[in-house]
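Questions regarding the structure given below will be posed in turn.
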């Protein structure tokens, strides 16, 4: 019998809108849900509101946000003014139930007592990352629509990198009738890029960018250094999706008059409903 | 020999960013271009800047914006602080060259002398309207991405109307993996909607909206009146693309707690570059 | 109350596999169905088999195939060796129930007594024609796959005509990553072709075909006459979808060494199941 | 300086239509090409015809077909009636130039002297396999169109396996408006299947097939054994793309009345032109 089938009540502790949508979606699936750490809210539809202690006292499983903690190890609760740490009592309760958290290793380092229990990191899983490629790609396209003064249709886009996000982004931009080129390093990836109907280029051979209206960088290393930017048409819009420190020398871009923007945490910002549902799906997988 | 082949210099008079991109695009095609009515600008790349009189004096054809005039018959020149009317001298010059204007009937009513010349309305042409369906549909999707908290992928969208914009919008949303339903009235249209892979519904039978995350109205009549809105799930986001007075009773929507937004003039707002190029293409067709 | 709701038993009289799938699909929807004119068959799943008289005697509505009659006014019954005409008794029964037939005018001319009853032509309806555009387009693609020695992906295809079939065909070929050009005559159609992401060309200006691997003709008039074929690259494969007499001078094509094939009646040949379901859908619309 | 830039003349030795298209495509790129082992042909466009010895004597590089040899180590020359083995003289010539062959290990085992030279296997390369996924997927769709009596549009298809071919096949069938489910084993693949807009199912959990019109098996192991076939709706069409011994117990399928077909060597059979160009592309990569 799966762990999930034994759960009646979820505590959803802290976080932003994603956690609210997660709570709502769990409730629609028939679970009892209690929110903790949302003191600024007076009511949330059919979902029960409590404080953190109250929520933890009556739940069978707890879900913490991504990230679960702030730098100072307090709970990440943007919907509360209070700074809240986990108490000994909290940890005792949490050690007896399944706990799902984004970046769970932080939680375990900050509250080692929890190592006695079962703490799962949903954010580190491959399926979580893949599912988030869709809201990330859509967020990137939204950003491009806002910044670029032409249509995506007939625009010439260059996607640097053919990982999870590059794959989904290429598909969506191609579907919107953009002229899509994708770079990769492996011959097999380059062949697959062509097999899927895009143009292919070697990431390693990228010495300049000419003839692209929009560039999406998905590679988490400094691809667009001063040298490459110098050989980039200043009319190009660069959207950097790489996690910090990012893939673009923004200072150099500014000096050279190239419009470059950073687009981070897109699922939470652009599609918190879908991002919350993805947390739910991943938690279900973990508990099954 | 076509009219176009005799033109060396275009005057581009007034208007917003679309006219600037139009001027730029004409220049890239090898024409000489003089901008008039952009006093706030100091330089525009390789394109010459002058005042209205100067521009009209040395051109072989003139292009006015959409709309060409303000309510008070002054030129529509948002990039200028001056209020400028056409002088007798202007009209005399204009009556000797081809003149392309958006809503040219206004121009002819305000300056009847121009009826002696050749004034063409590019905005009233079928091909102009069709080409603008792409930036309009993309602008509508951008708006939906900004307003809706889920992804377009897997969202359930209802498009009311299967005209030019409905056709392009359905295609793009379907390509983004939305679950697309389109309404129409004619049996042939309903069959074509199904033939293209969408779900079909009868516009006339629309008594309520349930199970849609986003509704795009493209029909220019009051479809979403108080009665229909009463039978619409309040979680639905309605984006009204119908030209004024629009297709939604916004007051009733507000009262009922339904999120409804107006999205007008999308090509000019969201994709002025493409919108300018579409003016160019249409002008070329007119002069060929 | 609609006519359809009063029907318990359908007679399905003659025709090819389409009618068998029609009968099967009606039975799955809960109707009683009796087949007549299929003497060569011993059993057809759960559907009852009878002779024409037997079927007509106990039905509330009758469906004849497309076309309903042969040249000599006998019933079109390819699954029977017998030549069968409608008797006076048959006509008497048919005059009292709704009768749906493909090319019903033939039926009425051959058996004028039926003018007393209610005879509907499903094949002449716009929605029938539109729904059949999908099996027609797929059949055309199948034919192209069989004849052309490259992949559809990356092939350069030219579609002549932007009617129902041209629209669906362009969409499917584009989706398969072909490089698609469509010809039309009206400026509005040419603009819509571009708006949907294809290349556009003027049908009237078609003086030769160079640089296309496959041509699909959908226009029902002699487009590819000797003159045009002379200016067509002999490596081009031409698939003519135009109903007889067709849009290609096949004799001239042969002389010039151009591979040209006729592809007619594709829904019935390539997708009888879907074609039968389309008859059902159209009959339902007629009787509602 | 790359090897390729030093080559003036290619010998293309044996094989089927793919090799002829390969020769033609090389010639269009400006190479001199000599065909050997095509005795049944009298002329091949602009390409020179010789015998094997003649071709090898004057070339700078040689390309053998896929597979390069027959079981008895004779050259695979379907366009010749003669049984031809490589002579000592041939081997001597071949050992001095780059040789590209499909399944080159066979060649080296049969003619060990060639180990002195440079023999490359193009068919074993990842990029060759990926590029062939497109003609394979199109061939599979052609086969499905021929065998299945409905349209691909609205059909329910199940693709077993999300490797190279599964990926391309899913994309094309989805583009043709089929209702696509793909099975995989890894959670990351299952998530990517959903991210790309298809339905996902676990290959390992496949205990029966109900509600699919067409199944494409791409997994090279006996997935459809008697047990699974027993739990498969007999109306299902199964197309097995797995290389021999294949993924379907065809005998059991026959007994159970399930329509199952083997579809092998699709690039060469359905799209020899594209297959030949893929050999060329891969040879270019090898020699660069």
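Here the chain labels run A, B, C and D in written order, and each chain numbers its own residues starting at 1.
The rule is simple: a contact is a pair of C-beta atoms (placed from the backbone, for glycine too) under 8 Å apart; a residue touches a chain by one contact, two chains touch by 3 or more.
Note that the structure is a prediction, hence the values are computed from the model and not measured.
Common neighbours of subunit A and subunit D under the contact definition above: B, C. Distance from subunit A peaks, on a Cα-centroid basis, for C.
As a whole-number value, the distance joining the C-alpha centres of subunit C and subunit D reads 35 Å. Inter-chain centre distance (subunit B to subunit D, centres taken as mean C-alpha positions): 49 Å. Multi-chain contact residues of subunit C (touching two or more other chains): 134, 153. The residues of subunit B lying in touch with subunit A in their complex are 17, 21, 134-135, 138-139, 141-142, 145-146, 148-154, 172, 175-176, 270-274, 277.
Across the complex, subunit D is touched by residues 153, 177, 197 of subunit B.
Residues 125-131, 133-134, 164, 167-168, 171, 186-188, 190-192, 194-196, 285 of subunit D touch subunit A in their complex.
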